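After this come two complexes, each holding chain A, first together with chain B and then together with chain C.
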Partner chain A sequence: MSVLSLAWPLWMLSAVTGQWLLPQQLARLWLIALAAAFLAIYSPASAAILVTFTFATYYLAQSRRHLGSRIVLVGFLIVAVLAWFKAKIAADMASGVLGIAIPLGLSYYALRCIHYLVERYKGRLAPHDFGDFVSYLFFLPTLIAGPIHRFNEFQRDQRRMRWDSEKFSEGLERVLYGYVKITFLANYVVSIRLAESIAALGPEQAALAAYLSMLKQGLNGYLQFSGYSDVAIGCGLLLGYRVIENFRWPLLQKNISEFWKAWHISLSSWCREYVYMLVVSFTRRPALAVLATMLAIGLWHEVSLRYILWGSYNGLGIVLWQQFQRVKRWVPEWPFRQTGWYRIAAHGLAVLVTFHFVMFGFVLVLQPTVAEAIAFYRAMLPGL
Partner chain B sequence: MVSPILAALDQVERTTKSSKIFLAGARDLSYGTLFDRVARLTTLFRNMGLQRDDRAVVSSKDDSSLVTLYVALVRNGVTAVVLDPDAPLAELRKLVEAADAKALFLDADRATAADLQGVLRPDAVMMPIGDEVAKKPLFPGFGKSSNGSAAVFPAILAGLTPSTPSAEGISDSTIAYILFTSGTTSKPKGVEITHRNLHAQMQTFIRHYGLTAQSRLMNLLPLHHTDGLTHGAFVSLLAGMTLYRPWRFSVDVLPMVVDGIYKHRVTHFITVPSVLALIANLGDDYLDSFTTPDLKFVISTAAHLDENLWRSFEQRYRVRIVNVYGLTESVCESLYCGPDEATRKLGTIGKPIDSEARIVDESGVVLPVAKTGELCLRGDNIMKGYFRMPEETAMVLKDGWFHTGDLAWQDEDGFFHIVGRKKDVIITGGVNVYPEDVTGVLRSLPGVLDAVTFGLADETWGEKVVSCVLPAPDTILSVESLAQAFLERAARQKLPKEIYILDEFPRGPAGKVVTALVKKKVEELKAKARAVEEPSGNAEERIMRVAARSFKTAATALSMRSDAENTKGWNSLAHVEFLLGLEQEFGLRMSPQDIMNIRSLGDALNVVIQRST
Partner chain C sequence: MYGWLRTRFSKQTADILIVLWYALLMMLVLLYAMDPPAVFRYGNI
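Our next item is the complex of A and B:
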């Protein structure tokens, strides 16, 4: 089931109709019931897991007695379930077996539950009841593929809920943008037209073909993922909820640190708060925290060597950039550095370098295995 | 002349749909339910022997019950005496005695007849206020039941037939209600407001604010104060509109209040300056509550509105603030600064509407423009007087002019400017606290030889109540024990925000404590404490300096609201530098939980304060 299926608009139509025609309390129940029914139909295993997570997360985190220990226990169990599925799927892929699929939405709602647990521990959750928590987890627009929205913001939207024609219109626009990105830009322009152009290149242009293939895969990945996010965010707006943005022109950022603040924002901010800050708080070593964070991001996608490498690659990039910032302070402020042309050129170069750094990194995960990724690099860079 | 209030209430009852919500609160109250209850209460009053011009005390935490009883009393020509539902028993006894009421409607858990023995009239009747319906447990013997007796308001109404309230004898000079303006130790002064006063004020509000039946007012001010009762409940009723009071106000619900303005499409928001100051500290997420086209303007009442706050709030939230001035003795408000351009001038209290104002000197001579003197008011909204206090009344009501006790001057454009107070009252968070009340309570505490109370300026609350206490010989007092004992005798709002235990009080030649010198001593103590704890500036400034260094930005570009979203240069590395910088600056080691909790400079301040105390 994906947002491109014919069923998805029908599900959303039911959600939107109930949301705006029913009294508010009933509308809330309606949305929960729809999300639960959706999961039960398309992924019964996921429905069962989500229900278990919901009860375990909420009720074990209620009493303040031994709260820390209970939160660690529940958090560990959630991570264990997620890690098991990720590792099993990676192993099946590596051995060419068509095994189990990851339960629909598990990667996302697992992180939402952990977010809830940590915020509960910090005492930062707004007053709420079990129904509020269930509403948060059983939210159809973000169930399948995120964004990983936050509890307090979601609850606030619920508290403020009212018909807003501007927001509804914005939602419709956003859904449209998302579908255009997926179906036209990604599926046609990049995956068909650009692919045809690459295929038309001769064998003497193999390196160029490989380079363009790298761009094709990277752009396709970005357009698909950001398009799905647009649809999810737009559907949220149709229901009166404004969920966190997931992409903010990431491919136009001027350094790798800014890239990771603009790419899959809901995941990177989650990891920054719950992995990076945790490691920093214990070690006071930002470089270690960065590596740990990017590794976590990699492993969230898949428990496999290629994602470990990809996470480490990006982590190293950020650490090197941070060290560069320290060194840069000692570079003299020569007059030409203040000129307009220099600034434009420097900015352009920075964006170009960052863009390519990211695209090179994507090769590691967009190729099925590490060996194939290396072969791809060799094809791009014949001297390698 | 027949009371105009009665005709106004009758018209609202006739023209407003019965299902329309009048009060949207913890329990919604529709117009239909309200008027039905008023009719049944009319029967109840007759059964209780309550007649026109009698007095009845009403005191409840339940807004729906309080407002219903109040309206029914006014409609039947009985004087409503509305009291603070949180006042401790000692204060309640004092006020009940002063009210000399024939009936008392109090929350069931508040006080019994035994508690009020000695201050009740022999013919007084008490009716407890409880739940809507007597609740029985699902299984007998398990769980709680509530108010099993039906002799509780409003459950008792179910067994009563509605009666039409009689207008006979209810004139415009009938006393609608009495509100007491001072409390425990000094003799409580009950302000008597007539039907004519009340009607005049309501008409001014409705016309000047442009209120209609489609208006939606949010006003969370206490109903035992005029700003909640008349500036909220009664004006909403007479306009046939809806009043939103979903919560009792506290700082915790402030975000919900602001969200409520958005959700309910509030058209008019009435509050006090200290709440505006708190709202000003909320993040940008809350801006749209005020920029929504539904909200006409915000009304600031009950205390001085700082001009900087006024200007910055209007700029940030793009909403007009109407600053109003009045007193319980003028029903509620007499001068208005806005919403129209003719009455608007920032930094002033505007111009009188439907009333007159003038400035006089000590001997009552009217002063010219730009001269400071006492502000006096005259109009149909000025009280009849203080209940059973002709001398006190004569001191403030002279030839129809009410002497406010506030010092002011009028500029050449006709705008009035408040400069200070002649009378001794502290206005903290919009609530009047009389220093002699607080001092009286402190002096009555065991181990206290003497006490003095005054107000000090406070950024959030306008003023804060500060007291100094002199212990009796060989007595050791603690601030905590004093505060605890204080709360057993007086309402929380009178509890001093700061209590200092001094060795001696500076006194004048006649032995009288010189309050100004005590105040100076306190300010010196505070300055010395700040110098010892914070050698290089206050904590906020130091945090901003560390932040400016870490994020490579100017400290002037930062505020306690600054976070990674709205601060340039705040990336993860700079964040760590900031945390380490804080540890170095304040000489502390933060726990992992502290570090994970810091997302803004305000969070950093909280952690630093917690770690330092």
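Our next item is the complex of A and C:
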């Protein structure tokens, strides 16, 4: 199911109509029922898993008695289900078998459930009932491709729900921008026109062609994914909910650390809160925590060597950047460092270096296998 | 976008510009939505 299919606007039209024409309690039920029907039609296995997760997460985390043990148990169950699907798909891919697909939205709602469990344990959730929790998990705009929105923000919007024409028009505009990114920029400009320009290059320009292909794949990935996020955020606004942002100009950031604060924000902030903080509190080693976090991000995408390498590559990049920041303090100030032209040039160079570091990393995951990624690097850098 | 236009133009001009802007975007989407979608695979999520 893609937001580009004709069915998606019809689902959203039904959701928006019910949300603003029905009384509030009925509208909430309507949105839950629509999301449940959507999942049951497109991925019945996912619907069954989500219902199980919903009941297990909510009811086992209610009583304060042995709360820690019960939360660990449910969290383990959720991670085990997610890991089983990811590992099974990885094994099928390795053996060339067309096996099962990951249940629609599982990667996202699994993280939402863990977020709820941890926040419940820490006592940071506002008072709510089962219906609030169900409407949080069964939220159609973010159900299949994120962002991984947070419970308290969602509930705040639900409590203050009222018609807001500015929010609604902002939502329409955001959906439109999302579709422009996907259909025009990603599909036409990058994947058709740029691909034609690359194909027109002669064999003596193979390295340039490989370099441009790297940019094409990286830009296509960014535009498609951020376009999907725009559509989801826009649809959320149409229903009166402001969902967490997912991208904030990531390809214009001036270092890899800033890049990861601007790329897939809902996932990176989730991992910072629940993986980084956990590892750092146990080990007191921030560098190790960064590596563990980036590895978790890689494995969340796919259990495979290429995603492990990609996670480690980005983790090492962040650690090296942080070490460089320490060393930089000892370097004496250059006299012209504060001048305007120096700042502009340094900023431009930093953005360019970060952009290429990110694009080089994307080759690992945008090629089907690690061997093909290595062949790609060799084509781009013939002397390698 | 409309807010940004309103800080730079009169209300009437901003109204016209926003309609033109949305019309342009809608046209782009409708024209290029017919092209076959590009392959986009971002892990198994």
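In the analysis below, the second predicted complex is superposed on the first by the 384 of 384 C-alpha atoms of A that agree within 3 Å, B and C clash if a C-alpha of one lies under 4 Å from a C-alpha of the other, contacts with A are read in each partner's own complex, and residues count from 1 in each chain.
The rule is short, and it goes like this: a residue touches a chain if its C-beta (ideal position, glycine included) is under 8 Å from a C-beta of that chain, and two chains touch if they have at least 3 such contacts.
Model, not experiment: these values are computed from the prediction.
When the two structures are overlaid on chain A, which partner does A:180 contact: first (chain B), second (chain C), both, or neither?
Touch status of A:180: second partner only.
Touch check for A:328: first (chain B), second (chain C), both, or neither?
So A:328 meets neither chain B nor chain C here.
As a test of reading the superposition: which chain, chain B or chain C, is in touch with more residues of chain A?
Looking at chain B versus chain C, the one contacting more residues of chain A is C.
Looking at the overlay, what does A:290 touch: chain B (first), chain C (second), both, or neither?
First partner only, chain B.
Could you pull out which chain A residues touch chain C in their complex?
Chain A residues touching chain C: 2, 4, 86, 89-90, 102, 107-108, 145, 169, 173, 176-177, 179-180, 182-184, 186-188, 190-192, 220-221, 224-225, 300-302, 307, 365.
Would you pull the chain A residues touching chain B in the complex into a rising list?
Touch list, chain A to chain B: 118, 121-122, 124, 126, 156, 159-162, 257, 261, 272-273, 276-278, 280-282, 284, 286, 289-290, 322, 325.
Any idea which chain B residues touch chain A in the complex?
Contacts found on chain B: 255-256, 259, 262-265, 285, 571-573, 576, 579-580, 590-597.
Using the touch rule from the top, collect the residues of chain C that touch chain A in their complex.
Touching chain A: residues 1-2, 22, 25-26, 28-29, 31-33, 35-40, 42-45 of chain C.
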